[in-house]
Every structure is written in structure tokens, then in C-alpha cells.
């Protein structure tokens, strides 16, 4: 590439020349922060041999909006709306993870009805997230929007439910320490039940459109293989870990909330490639539907908030807690350190997408640019959570 | 799983030179921690990962915590018998001391193989200015790679043995460590008409107090 | 007192409307130009944060921005007309946003979508958060909300179309790119040791005067 | 009277020719040829220009319908003025040339692309009397002209001084080399059977009906159907349409070779893509679908150019439909598909066509044998090669814990 136009940038063009320390005819391409397939403002500096990736360095921080610093300057309750904006597709599970961490820190009990409602909302969120992910992944594969449109059609239905419950489509700010903010009405529950009944046929339609597609199989199978050992060591969690065959789901392992009362299965992959990650999510959605049906059936009456829980002027005792739940993207955890004051002394988010990105380079090496895009898509990142 | 005290004793037996302290957590979560010294931290971490009874194969979470220098008041209560023969008096003696500032890294370990956890590890730096080097646990758990970079970026803790210790969230030319408690953010904050709490405090810092002769606006 | 800007002596607005009702279209260059560019506003396929999801939702089946001819989300700034700043602009990202703006060819428009893009929003107190993208690039439409609903974005788009339609292409109110000494490029800030430098584009965002705090007397 | 007006050579049929002759008749004899050619050029430019405008709208509308949404409907009645708004916008948009770009090539690339993709229309018989240039080697000319389009894409990619564009240019060249071969080879059987390279003669060879309602179109023979399918797949790749739109691959290379093009230059690229699509579809109609011929003798009274247009639109709809449905291939898979699947199939199809024309005289039960052999020569390689190509990838079953 010595005669390429990039070796002699005599003008002020923004194209950087081929780096001198790269051997042979390598080209360095900066994908992002503005790129259609980096799911926001993520950036990868990719070194290419032809179209094969020989080095890939992710660059973070383009959406680093100081979530933790802000949380340390505001009250415990004041951070709840900020958690909505971490992984802005799944505000309900973020809320729950944070509420759970605070409940562990201060030892607050949660009424049974609230635990059921949390499960219902978390599983709806999982449906929402996995549906959107499947749509975005197909978009990355080069579909002209059709699967994404179908996915968002379903997303809107779930968002309508969230909106009628919490008042906001995306930023629900619904969970509280020791319960939930409002009690879902019987009408709401009936609508949610109907949505769950209609979701199965939608999944069938979606799968009929995509799962057996020859091009999709060729594009995703064998691409971005991840071994179980590396996945565990690199802290990979969620569907991505289960796609490698590791049976690890916090809903079973920790058995938090009322999850031990429900019958559901954990789908496991064996190749750990993009197709497995896609299929594990599709199968998980079907299991979520099963959980939702059981949760609707078993929802008890009772208070939605623990009356002893204090929200305003809440000052937990000195100590710390790490609370985690199984979010749609993996283990989402909050590490809180209290010094006895009204604000947390330290507030840290264990963001699943951020840590799942650790092995991005390992997955992409030897693949082409086109593969890197779908590998990134299959990891399922949301930049609000990666950069916080 | 064995209790943390048993684990501490086992580590102390295996690494006699190591200084392992059990840091208790008074909150209801009761997630107690082991405070390791920097020199043996990586060896102990490797042991924790490979020991067949523990198999802490997943390092889930890595956090930094900043503890700036602070004044603590120790209250010692002594019971002084009343010379007059009455009930003994309790005398409170207050001593002030300066607790030196330090930076702390917290690792949360879990075992996927055996489904137990968390075991919390803590590493503490000497101070907040020059002795901020700690051993990196990235060679033991790959998951610490980005998280230690983040701690380095935001707190300024230097991890020795980290394969690629660069800033991760802030840009490369940035000089400060913004998650430290004494970080002063840039002055680009304009006054808002409805100040409350912190906003008001900042406005007071940024804009001069009205001169005595200036007519006050309603 | 005569009107300093004489109206077109040929035909009045009411006469034109009357003719239009009878099926006769009278149009001038200005109207054609504004009609064309207002009905073909192609946004840049550029998402920053939470609002980007709502921007995507606006282009999806339920809301369908395509009805207004704007579903052509171009990934390259060279073909885009509209920069929707959809989300928090961090200081690390600000130079890239300004660069994207500069890379877009004129006529171009900017929508600041959401509280963060307008002023920093809930993250305003963050050390790495830009307090409003209008410190660096000229914004045509502000859409409040956190995040704004897709309907709000559509409303913003319709407002933008109206703004374009009513723009005179000559005179002092002419769009930026049609003015003789108009400079369409904004200086790109750089990431410095403690902050981005400069902290604002002085031509667009004059540093507010030193305010005197009102006191309770 | 009515019957006379509706014969194959009716007034309606000859209307375009008559219009041309009326105009040229006003001019001196020596100017006739020049004026006639000019008129044809104008007609093609205007016709396909308008078709381009409404194809973009149709694509947006049809994509919208497939995706459960209305599509553009606010500009004019039912959004019918949308393409013109886009046109006005594109014409008046600032033209940006990157600082490091090769200015001459950057300008030339879209111009060359449009010019070259227009050349193909010259030899397409749009109707019984409607062909701009009567060439004996029309098919050869068509593909020679078409090859140059990828060269223009390469020019654009190189001149843009952008890494994404360069990658797109490399992809475009690889695609050109891979797909030119199956495209040409899928045409050779037609030439072989028809015995001519002239497009008008190929259309004429497909005239007539069996049993009065089965037209003698090539697509109704085993080799013709296979050839048509292969040709359309290769045509998708040649016109850089999904799922072979690798040079433009939006999700990977921003906009590929178009990344640095703005305003009208970008519109020219867009136009060229649609022209290429139209030209290749027109060629497919000519070669396999009987050109301007009516599908039944009873429908012959409808002018031939209407039939051509109808068939063309059906094929274009296919292009749009495929775009709305399929994901994109990867570059190596694209080439594997071309070399390991399309090329062998086209070669076998050539042999098949040769056998078909050798056994033209067989009648009676032999006719059945002829059909059986030809069909198996199409189906068996298709299944075998397809199985080999997709070996190792199949839907999986999963275990649960």
C-alpha cells in the first residue's frame, strides 16, 4: 500500500496515514464514534490486512456522563432516575438491581406482591431487550430494516404497558427501596397478560422470517467463537456466557426475589458463536413468557411497598453492599459504600455490556470487518451502560 | 463454603509473610472482606482462583474507593470511681487524630463452578499522592482488564503488571482523576434562576457576592 | 412612514391562494427551493444516547418518519441534511459532533433532541458533559424531554419544515449558506488537559456577562 | 374497424415511430438521422429518468408496506411529488470535495457511471419497432458497456481519499471479477439456441405460441428457467443490490464508495444504480421473457412496449422485494457463491442448452425424455452444489438446563 493516497497526506485531510510501526500492507481504520453499527458512540480502532482484522482496540468514553460522580452527590433515591439512563433499553431491571443493592445495604424487606411485580416487569424488559437486540443484529447483518421494524412494533406494545404503569415510556423510575412505586391495576395486568399471549405468535413469525435463512446461517455460524473458559475468566455474563455452554443464570444461582418459585429452563449453547448468542436470546424469550404466565397466575394481593421503608431522608448505616441481578444483558450489579450520610460514599455500577466487551478483540481477530460488526451486535452493548 | 475467618487462617498458613486482615462489614448485607497487602496480592489471588475448594473463577466487579485524609474524633470512655463514694462517673476523653488518606480497590469474586460468593478482596495504597501503585490482578482474572483501567482513569491508582494501562473513559491528554473526592470540575457552569442545593453552592463559588451598593434585583 | 421592505408588487398572498384554489399554481424560485429542501430532509444516522432509541422509534412502523420524506437516514454526513443531536454530548464527543457538522454540506439543519443536547439535562453537573450543543453549533430546533417522545421529534421535524418553508432566500434573513460572508464551518474544540478548549464557540455562544446573584434582602 | 385498429401492427403500436417520423419529416433529408437519434436519446433519458424518480418512490413505499408503515405520503398526493422534492434538494445541495481527494476522478466517477449505465439502453428492444440502435452484436455490446460500471465505482472509491471508500472499491473490483463471468455465461445459452447476438432477433426467436397460449419464451424451457434465475442473481450482484450490496454496505462501510459524495453527484450514483437495475432487467426480459412479446395471442392487441414495460416492472419489483427481505452476504461468501455455485451451474446450463437445441427434432415420447434429461440437468446440480455450499451450516437444536 506504499503508493496509496494515505501515505502522503500533504493536505489537511482527516485521514491518517498508514502507521509506520505496522508491518507490511496494513491499514488502520477507525470505526466510530460515528458509525451506523457501533450501537451509539462506541469506537473501534481496527487494523486490517485486506479486510481481515489483525488488531482491534476499543475506545470508550464517548458517552461517559459521570453517572457515578453524580450519584455520589445526590441522595440514594435521587440516583434511581439515573439508573434508568444506564442501559436505556432496560430501565426496569436497572432499577431493580439498584433497589436490591440498597435493600441489601440497609436490610429492607420487600413485600411479596412487589417481588412478583418486579419479576413481571423484569421479564417484560427481557423480552423488550432481546427483541430489540435481534432486530439490531439483523440490521448489522445488512437487512434493510424489516426485522428491526418488526421488533420495534413489539417493543412499542411493551412500552405502552410501561408507560401506563410508570408514566414514562423508557425512563420508568419505577422501583423503590422496599417495593414499587405504584400498584398495577387489574386492567393493566389483563393487558399485560394479553401481550404475553400474543408474543408467542410474534416470535414464531420472527423466527420463520429469519432463523432458518441460509444467508443468516452462513453469516453467523462459526463467527466470533468464544470458549467457556475464556468467557468465565473474562467475566462475561448473561446470554453471552450461556451461549458458550456455561449454566450460569443468577435467577437460578442466587435465586433472588421470587424466582425460585417459577419453573423455567435455561437454554445453553455449545459453540459460543454469533448464531448461538442470537438463538439463546430467542429461546430465553420463550422461557420468559413461561415465567410471566406463572407470575400472573401466582400474583398475590397485598401491599406494594414495605411501609417501614423510608425514602426521604434515607440514611443507611455505615457499611457496604454489592447487589446483583440477572439483567437481560448479563449480571448488572451495584456496589454501594455508605458512610452513614444521605449520599452514598461510593456508588459503582457493574455494567454487563462494559465487561462483556473485554473479549471483543479476541472474538474479532482473524475475521473481517463485516464479521466484527455482527460480533459487536451479538455482544449486545448499550453505550449508556458501557461508559456510564 | 468455608467462612471468611477460616479462609483467612488458611491463607495465613499458606503465605506466612502476607498480611491478611479481615475487614468486617457492619451493614445487614454482611459482605465481609479480606484486606491483602500489595506484595502478596497476586499470589493469593491465584490461590483463590485455583484452590479446588474455592474455585473463585469469576472476578465480577472491580471498584476504586477514595478515602481522603480526614479528621476522626476518637472517644475513649473511662469509668472514674467517684472519690466521694457515689456512683462511678463516666469520663469521655476526646482525642483528635488525622486519618491518612488512601485509595482502595475492591474486587468481588464469585465461583461459577461451585456457585458461591462473594469473596471480597480489598487492596489499599499507601497514600493518595505518590504511593498509589498496586499489583494488577488482570493476569489472574481477565475481567479486571477494563475495570482496572477505569479505576486508573478515575482514581489514579497505578496497576503494576497490567497489560495495557491507559485512560479508558476520559481522553488521553486528560490530567485529572475525576472520581477523587477533591476533584474540582472545570468552570463552565452558568448560574441558573432556580438554584437549589449544590447548584446554589456552585453559583456562589462562581459569581461574586453582590457589592453592598448594588441594588438587589428581585 | 413607508414600509422599508416593499412587498412583491406583482401578486398578493390572497390572490395567489385564490388562484391555487382554482388549480393554478404560481411559484417562484424561492418557493420551489424551499419546498424542495423542506420536504426532503434526510437526517444523519447518528445516535448519541437514550434519545437515539426514540429517534429510531420515530423511524419505525408506529410513528414512521417516512411520511414526511425523512426516513432516508444517511450514514455519511456528506449526504445528510439534518443533524439530530440525540442525547448527551460529552466533552470527549463534542469535537466529533462539531466535525460531523462541518462535514455536512449546506443547507444543513440541527435539531437538539432532549434535555441533554439542549443544556446537559440531568447530567448537567457532570464533569465530562457538555452543557448544551448550542455552545458549538447553531441549533434550529430544540425538542425538550428526557427523552422526548417520537411524536415530539416528528413535531420538531414539522416545525423545521415550516421554518425552512418560510425562509427568505435573499436579504438579511437568508439562510447562512446564501449569505455572502457566511462562514458555515464551526471551529472544532480540542480536548485539553482539564477541559475542552475552547469551552464554547464565541461567535455562537457569547460568554454570559458576570451575573450578580440576587440576594434575599 | 375495431379489429383492424387492434392488429399487431396497429396505429397504437406504431405511434412512437410515427411521432418520430413526423418530426424528422419536417427536416431536410440529411438531418433525419441525427434528429432521429437525438429524439431516441431524449425519449430514453426522459422515460427512464421518470422511471428512476418513481422507482425511488416505489421502493420507499413498497419497503414501507412490507414493514407495516405507510411510507412517504405528505409531499404531493400520496407522496407522488417526493422524488421531485428530493431532486430539488439534491440539485441545490453544496458539493463537497474532500481535501485530499483526486478532484478530477472524484468528479468523473459519477458522470462515467451514469453515462455507461445509459449505454445499455441503446440496444434494448422496447417494442416491435422500438430499438434505438440495431446492432448485430448487441448482446456483446451490452455487457461490454455494463462492465465499465464497476470501474466507475472503483474510481469513486479511490478518488475519495477515504479508507471506507477504498475498502468499498476493493470489494467492488472483487465482485466485478466474480460476477461478470456467471452473468455472461448465463446469457451464452440464449445466444447458442437463438443463433444470434442481436437482441431484436433473439426476441423474434421467442415469438409464437404452443397450443395457442404457452409462449415460446426461453424461460419456459428447463435451461431457460435456470439461465433466467442465474442471470437475475448475477444481475443483483452486478447492480450492487441487496443482498450483494457489499460496496455500499451501510452497516459496515458507512456508505462505501459513496461516503464522500454529496448533493448531485450522490444523486447521480443513485440514478446510475437504478439505471443499471433497469438495463439488466430489460436485458433479462429480452433474453428470457420474450421481450416485448405478449404472453398470449389474444392479448397481442396491447402494444408491445406496454408488455415490455409490464415485464420490466415485475422484475424491478422483485429487486425491491429481495432488498426488503434478505441480509447481506460477506465478501468471501459472495465470491464462494459465484465461483463454486454460479459458474459451475452456468457451464452445465450451457451444455444443457446445447443438448436442447441438438434434440430439437425429437417428437412424441422422445420429447418427454428430452424434458426429463434437461430438467434433471438443472435440478440435480443445483441440489448437489447447494448442499456442498451450505455444508456445515444448519439450524441447531439446543439443550436446556
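We just call them A, B, C and D in the order they show up, numbering each chain from 1.
We take it that contacts are C-beta pairs under 8 Å (C-beta built on N, C-alpha and C of every residue); 3 or more make two chains touch, one makes a residue touch a chain.
Fair warning: this is a prediction, and the values are worked out from it, not measured in the lab.
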**Q.** Most centrally placed chain - per-chain CA mean versus overall CA mean
**A.** A
Q) Ranking chain pairs by contacts, what comes out on top? A) A-D
**Q.** Centroid comparison with chain B (C-alpha atoms), farthest chain
**A.** D
Q.
Please tell me the distance, in whole Å, between the geometric centres of chain A and chain C computed from their C-alpha atoms.
A. 32
Q: Could you give the separation in Å between the centres of chain B and chain C, each centre being the mean of its C-alpha atoms?
A: 45
**Q.** Averaged-CA centre spacing for the pair chain B and chain A, given as whole angstrom
**A.** 27
Q: Could you give the separation in Å between the centres of chain B and chain D, each centre being the mean of its C-alpha atoms?
A: 67
Q: Would you give the residues of chain A that are in contact with at least 2 other chains, written as numbers and ranges?
A: 35-36, 61, 64, 66, 69, 73, 149, 153, 387
Q. Listing for chain B: what residues touch at least two other chains?
A. 169-171, 178, 198
(Q) Touching at least two other chains at once: which residues of chain D meet that condition? (A) 67-69, 250, 254
Q. Every touching chain pair, please?
A. A-B, A-C, A-D, B-C, C-D
Q) Which of the residues in chain D end up touching chain C in this complex? A) 60, 64, 67-75, 79, 81-82, 84-96, 250, 254-255, 258-263, 266
Q: Could you pull out which chain A residues touch chain D in their complex?
A: 4-6, 9-13, 15, 27, 29, 35-37, 48, 50-51, 138-146, 149-150, 153, 209, 211-219, 221-222, 247, 265-271, 275-276, 279-280, 283, 368-371, 373
Q: Please give the residue numbers of chain C that touch chain B in the complex, ascending.
A: 92, 125, 127-128, 131, 191-195, 199-200, 208, 210-215, 217
**Q.** Touch list for chain C against partner chain D, complex
**A.** 32-33, 35-40, 60-62, 64, 66-69, 71-72, 74-76, 78-79, 81, 103, 105-107, 177
Q: Name, in rising order, each residue of chain B that touches chain A in their complex.
A: 25-29, 31, 57-61, 63, 65-66, 106, 108, 112, 115, 118, 120, 141-147, 154, 167-171, 178-179, 198
